[in-house]
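Input: one structure, supplied below.
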Amino acid sequence: MNHLLATIVAAPAIAGAVLLVVPSTQRLAIRVVSLLGALVSLGASIQIALQYDRATGGLQLLETVPLVPSLGIHLKLAVDGWGVALLLLTGVIIVTGVLASWSVERRDKEFFLLLLVLVAGVFGVFVSQDLFVFFLFYEIAVLPMYLLIGIWGSSHEVPASGPFKFAWRRFAVGSKEYAAMKLTLMLLVGSAAILVAMFLLWGNSGARTFDLQVLEATKFPIGVQHVVFPLVWLGFGTLAGVFPFHTWSPDGHASAPTAVSMLHAGVLMKLGAFGVLRIGMVLVPDAAAWWAPIVGGVAVVNVLYGALCAASQKDLKYIVAYSSVSHMGVVMLGIATLNAAGWNGAVYQMVAHGIMTGLFFALVGLVYERAHTRAIAKMGGFAHVMPVVAGFFTLACLSSLGLPGTAGFIAEFMVFAGAAKGANAWWAVPGVLGAFVTAVYVLRACKAIFWGPAPAGEYSHLEDVRRTEWAAPLVLGSLLVVFGFWPRLLLDFIDVASQGYLGRLPLVALAQVVTP
Amino acid sequence: MTLASCLILSAAVLCVGIYGLLTRKQAVAMLLSIELMANSANMVFASYGHFRGGPSAQVFVLFALAITVAEVAVGLALVMLLYRRHGDTALDLASEARQ
Amino acid sequence: MNTWLQVLTLDLAVAAGAAVVLILDAIGTVSGRALGWLTAGLLAAVLGASFVVDVSGTVPHGVYVSGDWVLFFKRVFLIAGMLAVLGSIDWLAERTPRRQAEYYALTLFSLTGMMVVPGARDWVLLLVAFELMGIPLYVLAAWAKTDGQPQDEKLGPEAGLKLFVTGAASSAFTIFGLGLVIGETGSTAISALPAQPTQLTFVGMLMVIAGLGFKLGAVPFHMWVPDTYQGAPTPFVAFLSVAPKAGGLAALSVVTLTGWSAHQGLWATAIAVIAAASMLVGNLFALPQTDVRRLLGFSGVAQIGYVLIALGAGSQEGVAMALFFIATYVFTNLGAFLVVHAAAQASGGHETVKLAGLSRRTPWLGASLLVFLLSLAGIPFVLGFWAKLFVFVAAWRAGLSGLVVLGVVVAVLGLFYYLTVARSTFMAEGHTAEPVRAPMGLKVSIAVCLAAVVGLGLWPRPLVDEANKAASSFLQKR
Amino acid sequence: MSAVTLGLIATFAPLAAALLLWALVPLRHRGAPAAWVTLLGSVIALAASVKLVIDRLGGAPDVRTTIPWIEERGRAMAELGVQLDGVSVPMLVIVCLVALCVQLFSVAYMHDEPPRAFGRYFTLHALFLFSMNVVVVSPNLLQLFAGWELVGLTSYLLIGFYFAKPSAAQAAVKAFWMTKLADMGFLFGLLVLYVNTGGFEWTAVPGTAIATWVTALLFLAVVGKSAQFPLHIWLPDAMEGPTPVSALLHAATMVAAGVFLVVRADPLFAQAPATREVMLWIGASTAVFAAGLALVQKDIKKVLAFSTCSQLGYMVAALGAGQAFAGFFHLGTHAFFKALLFLAAGSVIHAVHSNSLDDMGGLRKKLPLTTAAFVIGALSLAGVPGFAGFFSKDLVLGALEGKASWVPWAMLMGSAFLTAFYMGRVVIKAFWGAESEKAAHAHEGGLAMTGPLVALALPSLGAGFLGGWLATQVRAEYHLHLGLTPIAASAMALLGIGAAIMVFGKGGQAPLVGTLEKLDAFSLVDKTWAGAYRIGLLGVSSLAGWIDRYLIDGLMNFTGWAALEGGASARKLQTGLVRDYAMLVVVGVLVLVLIGVLR
């Protein structure tokens, strides 16, 4: 028995603790320590992927430490196939995120510290097999966001209008403080719902335990399930950007600094979807089956509505943020299909979207850092001065619209296939339409920013990617293509987990493929 | 006289005290009202002591009186402080900390 | 049967300490600061003694029962007293140099009263101890009679007066209620409730609960809380906001769970109503506050709501978790107030905006405040989270799921205003970059609180065990 | 080497070139070496495909190999692979040959570009050839779709090659959007097929209803990719790209992918007569409509673009008529002669530095070889007997002969006349007549330019005679017959040429040109799409954006506002008056007592 899972969670936390004693004047040391922490996690996650036996599936690399036995809380770490895929994603994103934040000037020590704490939480969620610990890590992942956005974020103005104009006076809508507060509060309302659901599960499990495996084996009364599922769905769903609780996302992502946007859209939103899948679908399958049409219906709204909203934005970060709302809709759609194709697609989309949106935000950050504007109208012809950024941005756009050969296609295709053969085949229609709208807005943005005559004046000397900034585009961009061409690198893990969990669903028989 | 009527009387005194507490503007009058309320409680003890017998009630009255006295002593000192601050003992003057 | 002297050793030591302080002051050779350190040292010594000296036992007639339950509370009080005294030393020496000894003496007297409360099983003892705890507080609240901040110099007397009026009215009701209860039962023993109590007894019981609710600062007896917190000296408020509340909790537990446990339906309803109202009102009123002391005041009202949920559960687990909660609350709230005090001393005001840039000026103070606020908000891995969680678990098991859901929901409101304070300290740029210089006593005090909140937050087991032990000893010997 | 290996080499050699160029930045930035890498890739691909043909001539059987790509519940949901048969192998040769010619031509044509742009150009070319070959060798519809989208991508990037030009940028995006819009049909078709058959095979037999659905949806994609009415509007705009790109992608190969798809999926289409009926009509209408518009273009490339639309209309009509082979044959010959025409046009443009026909004229003397090549291409396109286009067009027309409705046949006949007529116009305007100002300094390009012209002129002349072999490959019946159609078609071609000489030889104008010009200038279809985009998509999206910001998010803000306002109003209850506090104590006690008593 080795301690890979403990390592993966502890590495960033230890790096964070080391940072506490590094003097804040040692800027390079701060960065190196953070990078080391991230790299160890990434290395461990790769090692986990190598060690994980894809043929057997199930939970592997189990480690258990009792935490509060009287309440049935154990620090039980283990990983399933979904976890492996998402650990890899997180490892990649944090390493590139740290490298992308190399140039953070202000209060950099605190910044990296919070970043590491956050990522330790994310890793923790993916490896926890105890609902309570799962929740703890979830909170750890969510909370540092408040400070990260509030301190290092950027502000802009949103004019007051509409029927709720009067409410605008109370808040500095668009400011980083507003964004941070809204994000934190909305997500914690979600947490509150999760907490209640947790109690319900724990109280009705008979065993009075939070152990996910025990809870999985428990057949909860249908009444309990029907309360738990919506709580879990909306609780975790808030983080996954489920309509109409997605509104923290555009403001939050737009205001957040580069690495934070990368992590948040790239990884954190996945925690939400993962929660819905791992807790909602797996623990209370009967209610999940009943609620699935509603989950899917809302997800469809997410996909199309998110894409349409993105198409109307004039601020680059808002476009990417709304595209996340739209793409997370695809994830939720996949989850709602209740079949293997859909679930594989959903998890695959988590990874694909994580990489893609990480790449997006890294590049947007680069552009913003140089041009000091996010207004698309002010940009144009940037490909002349930053061809590398332009190239990778285009790649991200392509994955975003689901072009074959990029990871986005595999994911979306599987989700749509799952939807099409599920009980509500029509879901695929708005899903595919959403992908088309995505094509419209990403390419329009791409054209407006990078194409056209070479920029004059203040933008004529913008620098292209340099030094550590290469990491994010290069790594994430390559992965998008690699996972686009050879999905089995991840799909082997994901599929074995989906198979295992699907067995619990009552509707599986209905959703079987008609084989010729 | 029955226990019930004595208790009703004490309750009435309590109500008078409450009424005073809520309506008197002068701090001293308010202190008196509180004293009245406390004494209505003592009347309850006395009534029970008289009608039901036993030492408990009577012992309690002694302690209750002592406590009330201590309280009122502090209260008067506070009223003095109020006076020194505002030159008046109108209780409503002490309303700067609010909302 | 044990002797009074033995079971009350610690309490008497504290009372004797008060006398020593007064005598030393009268002799006039010892400086005020030294007296402060002496007081703190004394409390620390008594705290240490509590681990050595065996004070458990029951005095004749069962008037006073000592055991783990009592020890738990005594330690909480001693810690709170010690930390508060440490935090006050420099403020007193600077602002009221001629009245330092009295402050310490009064604090010690109040502590003595508190320490007796949890063991009292007789109405007379309980009432006397309760009032011994309360009356010095009236004085202390008005301490800054002429020495307050220039802009709120009139607030000192007001703080005392408001505390006093609501307190006195409440105790009048308590005594009236006691009159009915004792009269109907014919005994001053708390446990001596007849099997078939009359309606009058019930009325009396509810009046008693209402009176105790005042000390807890629970709705609707909470109105004094923000005003007094604003006008009284902040180091004292740090004490006032935690220790008497623990005392009130002790009294309420003793009353409800020893004597009246047979009538749980009656008082549990009342407590549930008070708890719900406290959580709602506290959180709602705290939202618009701009003065951190008032904000923490209302937040305290809300926090008491959470404690009452646990107590309302009426189970041993509930009591244990209430104990756990109140112990964590001592560290958290005391720490928060002391940081605010330190910052306000440097910036000349307690408004949220005056805290701006604290984390830049003195990072460790900013970080401590953040930790305390997060703990109050109930965020994982700091102590407050476990407190809330355990309370909810206990309440849920006792079937109070409605209250739990309400608590979980309004906790989000709480997060908003705690984060507002955090925003000011962390995100806003302060008007000055000068570091906040906290005096030694304050530093030590804050550091202890911080260590407790973080340390126990990471590993709450010891405190949980202690609380469970205390609760079980309490319920076995009732 | 086995056939599969050869197929893989043909597919991956260009990919290797592309990856090499992508990864080795200095190589790409140097320019010229990039071209050699790409050319090498193409040569290898061509060699492999030629070897495949030779093997087939030697009787090698069809091969099909697949590996699991996407899996579900432990088994393959989608597969990748190679299918080498009578359809893919000839197509592979055509694609590789044309691509190689075009790339070679490009070396000369693009030599004025800065090295970085030059390198990028060839990287994209290599990527294109890979994508196209993925389409060609794909064993199932899903892989075909993947390649289909990838060629769309390279098309987008190559149209936007001159990205500094706003018109080029716009054209690139428009091309991508229009084809992507149509590709939704492909995706839906795949989904329907998958749901009903559990796979993506074109050999599936899902029943008429499903087959109709699937094929109709697939055909939607064909309409987009092969620029059929009403989704054709992107193709003329796509001429913003470099001329060799137009030759390769927007004439010879990529746009023909739609036709190739139908040929591949012929078993499916055969089950859906209704779809075929629609295809017939759309193909025929596009053929006429685009031919009409080709008549009035002033830009030589736009003439060829509309001509491509028109010819694709022929192919689609043939497919609609159920004669996949006819369409496929025409696809092959068209690839050669249209690439030839474009490259010749490119040579002209290179010489006169203008696209406009008005700037040309009398080039016959300055550019003899180019003229010869263009004329060969034009004659082949016009369908003059003996040239490659004649055979295939004849086959297409023959396919329509004897159908229930003679209208499509007549339409194509008419458009055959128009084709000859407008090609005549171009030839006369560009190469005959008075020498224009810009033509004065024109001269032939180097060997890299003329070589490909010759290489393409040969098949444009003689590919028609390969029809028999091609037919055996796809197991279709093919024999030349002397009937109404060949005679009429030849007559139409000659008539058209004659008419062109009559009209344009004297510098005159064709009848109805005024109307057509107005039609072209008004560009109704274009405007309809633009309107749909602006009002439909952008309008709805702004509405959604507003709703999200001011209603949905407004509600969230309102919630916060309500809580804060609630707190702010509630705090007024904290009056600061001690009496009120005492009052509340009293009320509290009363309430508690009441609760107790009334309980």
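Letters A, B, C and D mark the chains as written, and numbering starts fresh at 1 in each.
Just so we're on the same page, a contact is a pair of C-beta atoms (placed from the backbone, for glycine too) under 8 Å apart; a residue touches a chain by one contact, two chains touch by 3 or more.
All values reported here derive from a predicted model rather than from experimental measurement.
Trainee: Report the chain closest to the protein's overall CA mean, measuring from each chain's own CA mean.
Mentor: If we average C-alpha coordinates per chain, A lands closest to the whole-structure average.
Trainee: Measure off the straight-line distance from the CA centroid of chain B to the CA centroid of chain C, and report it in whole Å.
Mentor: Using C-alpha averages as centres, the distance is 26 Å.
Trainee: Rounded to a whole Å, what is the gap between the Cα centroids of chain A and chain B?
Mentor: 64
Trainee: Taking each chain's centre as its mean C-alpha position, how far apart are chain A and chain C in Å?
Mentor: So the centre of chain A lies 43 Å away from the centre of chain C.
Trainee: When the centre of a chain is set as the mean of its C-alpha atoms, what distance in Å lies between chain A and chain D?
Mentor: Comparing mean C-alpha positions, chain D is 36 Å from chain A.
Trainee: By residue number and range, which residues of chain C touch two or more other chains?
Mentor: If we look for residues of chain C contacting two or more partner chains, we find 161-162, 165, 169, 173, 226-227, 416.
Trainee: Where does chain A touch two or more other chains at once, residue-wise?
Mentor: Residues 185.
Trainee: Would you mind listing the residues of chain B that make contact with two or more other chains?
Mentor: Each of 21, 30, 91, 94-98 in chain B touches at least two other chains.
Trainee: Throw together a list of every chain pair that touches.
Mentor: Contact pairs between chains: A-C, A-D, B-C, B-D, C-D.
Trainee: Contact residues on chain A for chain C in the complex?
Mentor: 68, 70-71, 135-136, 139-140, 143, 146-147, 150-151, 176-177, 180-181, 184-185, 188-189, 192, 195-196, 199, 203
Trainee: Show which residues of chain D lie in contact with chain C when the two form their complex.
Mentor: Contact set of chain D toward chain C: 560, 563-564, 566-568, 570-571, 574, 576, 578, 580-582, 584-589, 591-593, 595-597, 599.
Trainee: Considering only the defined contacts, which chain D positions touch chain B in the complex?
Mentor: Result: residues 571-572, 574-579, 582-583, 586 of chain D touch chain B.
Trainee: Can you tell me which positions in chain B touch chain D when the two form their complex?
Mentor: 18, 21-23, 30, 91-92, 94-99
Trainee: Applying the document's contact rule, which stretches of chain A touch chain D when the two form their complex?
Mentor: Those in contact with chain D are residues 158, 161-164, 166-168, 170-171, 173, 182, 185-186, 243-244, 247-248, 250-251, 305, 308-313, 322, 340-341, 344, 381, 383-384, 387, 394, 398, 401, 403-405, 409-410, 413-414, 416-417, 420-421, 425, 428-429, 432-433, 435-437, 439-441, 443-444, 447, 450-454, 487-488, 491-492, 495-496, 498-499, 502, 513-516.
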